[in-house]
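Both complexes below contain subunit A, partnered by subunit B and then by subunit C.
Showing the complex of A and B:
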């Protein structure tokens, strides 16, 4: 069973390495092959789901080395949750990539595969230097994917992304160096027991570098500007990937480091969370205000993404289990809704040939189902009841209020109203009659299945989560327990079970 | 010795970030990134430094060895840095072909 932990990292990489020859000599189409690889990534998850959700922690020693010298992979509930998200969003990307519109499709799939291996590794690794390596693998592939269309905007976005991303990487590397210099080990479980005795100046410096480095990657207020440019220039499917998992997985790493390396008590003591909640509130307002002023649909969605990262951090920063539960729930919900919105926007942009919101007029007549889906998902983004966004937002408001962070809860509520204004504007544009109603153009031709399937399944999932609210509430509640009870994770690694 | 390493690291890192903030040329920006990265590599290597230490292969009569792990980490970091530089240069070539300039501000003007 423990060897299954290698699957999410090894299988996508092997598919890249051996795929070329396999395709050459068997004549299998690259589309089917990579789709099969993406589906096969669910196999270990199916096998591991039962024991992991039951509370067991799986570990695997790379090369048989013990934690003092070697790298350990560990899977507990929280990393399992991230792994499911990774496999899910990449499956969506692979299905979307079946389109014949993408040039040099094999290359696109190869980049996606490497990126998936990196993200799987990020979710699994229990070694901070390994975490850095995987983070850079993910980042480098994302740089290339962002500029995949080779348009001028894409290239510029890629250049900006690469500068900012590598800066973030440098800060993380610096922090890792400090940790190693102070303790002589890089294993998270070992550090969770030995890092507390480190001199406080080094501790503070490490905390700062880790926070700044990861914050650069998931884009919170003073460090958010790159994200919008990147998302404007990137292909929509990469945007969906970035919004769904790419922007969230650094947050996961940061949470792991916070809970294992520093411990929540220490972080509250040094006042980190009052700074974070302050920044989060600013992020919410900046994101929504800027989104309100945009005419470009992708840009608007990107600013809304920034604001939602603000929500998540604001709820995290109260450090109660309810707050973190709300935040992790919103990671799931926001990812699904925003990925769906980006994909629908992509379908509109592809069909109407414009990214401008005002030129979307009359899209309702051509694409009634897509427009209604867009409306449903934007209701979720605002936080209205029939969609999953309501659940997590409600919980975030309640938990911040219960913890006494009234400013955060107020910001989340006001943010909803601001979102209402600009999503309403898109909805009005979609459902209003076009000036020159050209009936010849109105003939309905159907969208390809590989576009339809991801979009409608995302809409379906977001409605399904709302209907099964209780189940998901309990599930997320159990998923976040490793953040507070670190002992099963630590003993599993140290004793090499 | 340690102090010398630390001072070098800090000077290089600040130099790199200063360049990153002030330069306009894309090639120069990528060089600044590389300088910053080099400073971190020196920092990592210096973590393994031991006074009077020998190279880390166990032999008779030698008791102090330098720590080999940071050297391994540095090698990995060098590989990552090299691939980053490769991707940046690829972007720069593409952007140069499109706009015929390397100046970031000029590219922004050309775009609008």
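Showing the complex of A and C:
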């Protein structure tokens, strides 16, 4: 069973390496092959789901080395949750990529595969330096994917992403250097027992660099500005990927580091969370206010993403199990809704040839199901039933208020109100009748299955989560336990299996 | 398992998408008839709840007041669907209207904040969706949403405060949350000065929607006063609202605007009654709510019949004698409805107004309500005179589209007004109010008084009184909205900050890093060390860099 931990990292990489020859000599279509690879990533998850959710921690020692020298992969409930998300969003990306419109499709798939291996590694690794390496793998592939369209905007987005992303990497690497200098080891489990004795100045510096480095990747104010430019230039499917998992996995890494390296008590003591919740509130307002003014649909959705990261951080920053549960649930919900919105936006942009909201007029009458889906998902973004966004927003509002963070709570509530106004603007544009309806009638053709399937499955999932709220409540509740009870994770790594 | 009528209706709504379309116009009144009968005769005592998302939802708890209001709403909805029978409405319209009704009925019985909030939102969303599908200007939806959501925010904040202090979501408000609940409820109920959304939308949406909207949103809002802010006394506010709104109503020349302001005025009455500490006044408020749903719906139906065919909604140029001659039935209905809203015996408004006035403790509020009754009488005398009795008005040859089923709907509501007035026991039983004697000489003459005064003023000096009111009541709707301007300025500043320049973003990143580092070093204190020991930190920083 333990060897299965290698699968999410190894199989996508092998598919890249072996795929070239396989396709060359067997004549198999690259579309089918990479789709199969993406589906196959669920196999280990199916096998591991039962024991992991039951509370078991799986570890795998790479190359048989002990934790003092080597890298250890570890899978507990929280990393399993992230791994499911990784596999899910990449499956969606691969399905979307079946389109014949994508140039040099094989290269697109290869980049996606490498990126997936990196994200899988991020979810699994228990070694900070290894984490850095995987983060760089993910970033580098994403730079290429963001600039994939080779338009001026795409290039600008890629360039900005490179500069900012490397800056983030630089901060993280600096922090890792400090940790290594102080303790001589980089294994998270080992550090959880030995980092507490490190001098306070070094601890503070490490904390600062880790926080800034990772916060740069998941973009909270004032480190958020690059994200919007990047998302404007990137292809929609990459945006869906970034919103769904790419922007969330650095948050996961940071939470791991917080809980294992520093411990919540220490972080509360130095006052980290008061400044984080302050920043989160500003992020919420800046994100929503800026989204207000945008005419470009992708840009608007990107700013809304920024604001939602604000929600998540605001709920995390109260550091109660309820708050973190709400935040992690929102990681799931926001990802699903925003990925769906980006993909629908992509379908409209692809069909109408414009990214301008006002020019989407009358799109409902060409694509009724798409625009209704858009409406459903945006209801979720605002936090209204019967969509999953309501549940996590409700939980975040109540838990922040219960923890005494009144301002965060009010900011989340008011944020939903502001979001309503700009989503309303899109909805009005989609549903109002365009002047020239005759052209719309002529060009009626059906949307390809590879576009339909991801969109409708995301909409279906977001409604299904609302209906099965009880199940997800229990699930997320158990998923976050490793953040507070670190001992199973630590013992599993230190004592080996 | 016991259900409220609302949830039965929610189940019935689903069928709308599967039945043949021509059948829907029968199906909707059929559903409402079932729900109305269920609400009036069955409404079982008991509770119903289940576990959802870690919270205990209580979807049903029997309340006598809720049963009365729900029955009235269902009766009105039944009549409404008969009323729009000749109009061809699509599936989506039936779906949203039925959902709206279901949410309004269900919210009366729920006993936890989560389902209360969900249903509250459902009311807002379905109303906005209806405004949209009826092809009303999209500006209306934005207006409607902005005001409604200000209320929603406030409600949610109140709920969060309740949860943080009690740890559960049972509908038991705590004192700390009152300010938020009050704001939410007053906006929903369109109480002055939070009423602007109502006259801004109701008179401007399509005719069918105007009739539909009267019975649900504001009524749920004002009933929530009793649920959410029990213990806060709004008697005086209610009195002031009733009077001021009536004065504004007299000012209006547009038929539906005039009725919209009367909605607000009646909400004032109900507010004064429901929020009173005395049990008598509370029950009076509830009965007035029930009666109000009936006669206000009736008035809107009548007005829409007139306005739709004439094309003009100016009160002073509608109808006249021609209308009375051709449609004596319409005239009788209008007369009954006007008498009811004014509170003249022997109609239903008389009963509930009397109970409120008997029960209310604040003398000033009682006097204001009496004055408001005179204003209401004046305003409706004006309506009746110009629409039905004025000689020499336009003679129109067209036939009003007043189908038999529409007549039947108007007839049911008219009959309800009369029956509930003549036999108050139908509504009032086993409460303090049932011991009141409504039809002794003193009570009847006192009930007739406001009507007589109003007619007297109207006959003696209609024009002068109207001019006087015009002069004293300023027009608020023209003022520009200052929060919008401020928000615009903030947006400009933010827009300039996000210029897309990479250098600027990098500068932000490094300064964030420095600030965060400095902040954490000083245990969350920035300003004091910055002022007193800058040199030390500069040296430390140089040391770290070197």
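In this text, the second predicted complex is superposed on the first by the 492 of 497 C-alpha atoms of A that agree within 3 Å, B and C clash if a C-alpha of one lies under 4 Å from a C-alpha of the other, contacts with A are read in each partner's own complex, and residues count from 1 in each chain.
Definition applied: a residue touches a chain if its C-beta (ideal position, glycine included) is under 8 Å from a C-beta of that chain, and two chains touch if they have at least 3 such contacts.
Predicted model only: the values in this text are computed from it and were never measured.
Contacts of A:143 after superposition: subunit B is touched, whereas subunit C is not reached. Within the superposed three-chain model, A:163 lies in touch with subunit B and with subunit C [touch as defined at top].
Applying the stated contact rule after C-alpha superposition, one finds that A:228 touches subunit C and leaves subunit B untouched. In the superposition on chain A, no contact is made by A:90 with either subunit B or subunit C. Residue contacts after overlaying the shared chain place A:133 against subunit B, while subunit C stays out of touching range. When both complexes are overlaid on chain A, the residue A:211 reaches subunit C alone and has no touch with subunit B. Within the superposed three-chain model, A:155 lies in touch with subunit B and out of touch with subunit C [touch as defined at top]. In the superposition on the C-alpha atoms of chain A, the part of subunit A touched by subunit B in one complex and by subunit C in the other spans residues 163, 167. Residues of subunit B touching subunit A in their complex: 20, 26, 29, 33, 36-37, 40, 43-44, 47, 67, 69-70, 73, 76-77, 80, 83-84, 87-88, 91-92, 94-95, 98-99, 107, 111. Every residue of subunit C that touches subunit A in the complex is listed here, in rising order: 51-54, 114, 117-118, 121-122, 125, 132, 138, 141-142, 145-146, 149-150, 152-153, 156-157, 159-161, 163-164, 167, 487, 490-491, 494-495, 498, 500, 502, 504-506, 508-509, 511-513, 516-517, 519-521, 523-524, 544. For subunit A in complex with subunit B, the residues that touch the partner chain are 129, 133, 136, 140, 143-144, 147, 150, 152-153, 155-156, 158-159, 162-163, 166-167, 169-170, 173-174, 177, 180-181, 184. Across the complex, subunit A meets subunit C through its residues 160, 163-164, 167, 171, 201, 204-205, 207-209, 211-212, 216, 222-223, 225-226, 228-229, 269-272, 274-275, 286, 289-290, 292-293, 379, 384-385, 390-391, 394-395, 397-398, 400-404, 409-410, 413-414, 416-417, 420-421, 424, 428, 431-432, 469-470, 472-473, 477.
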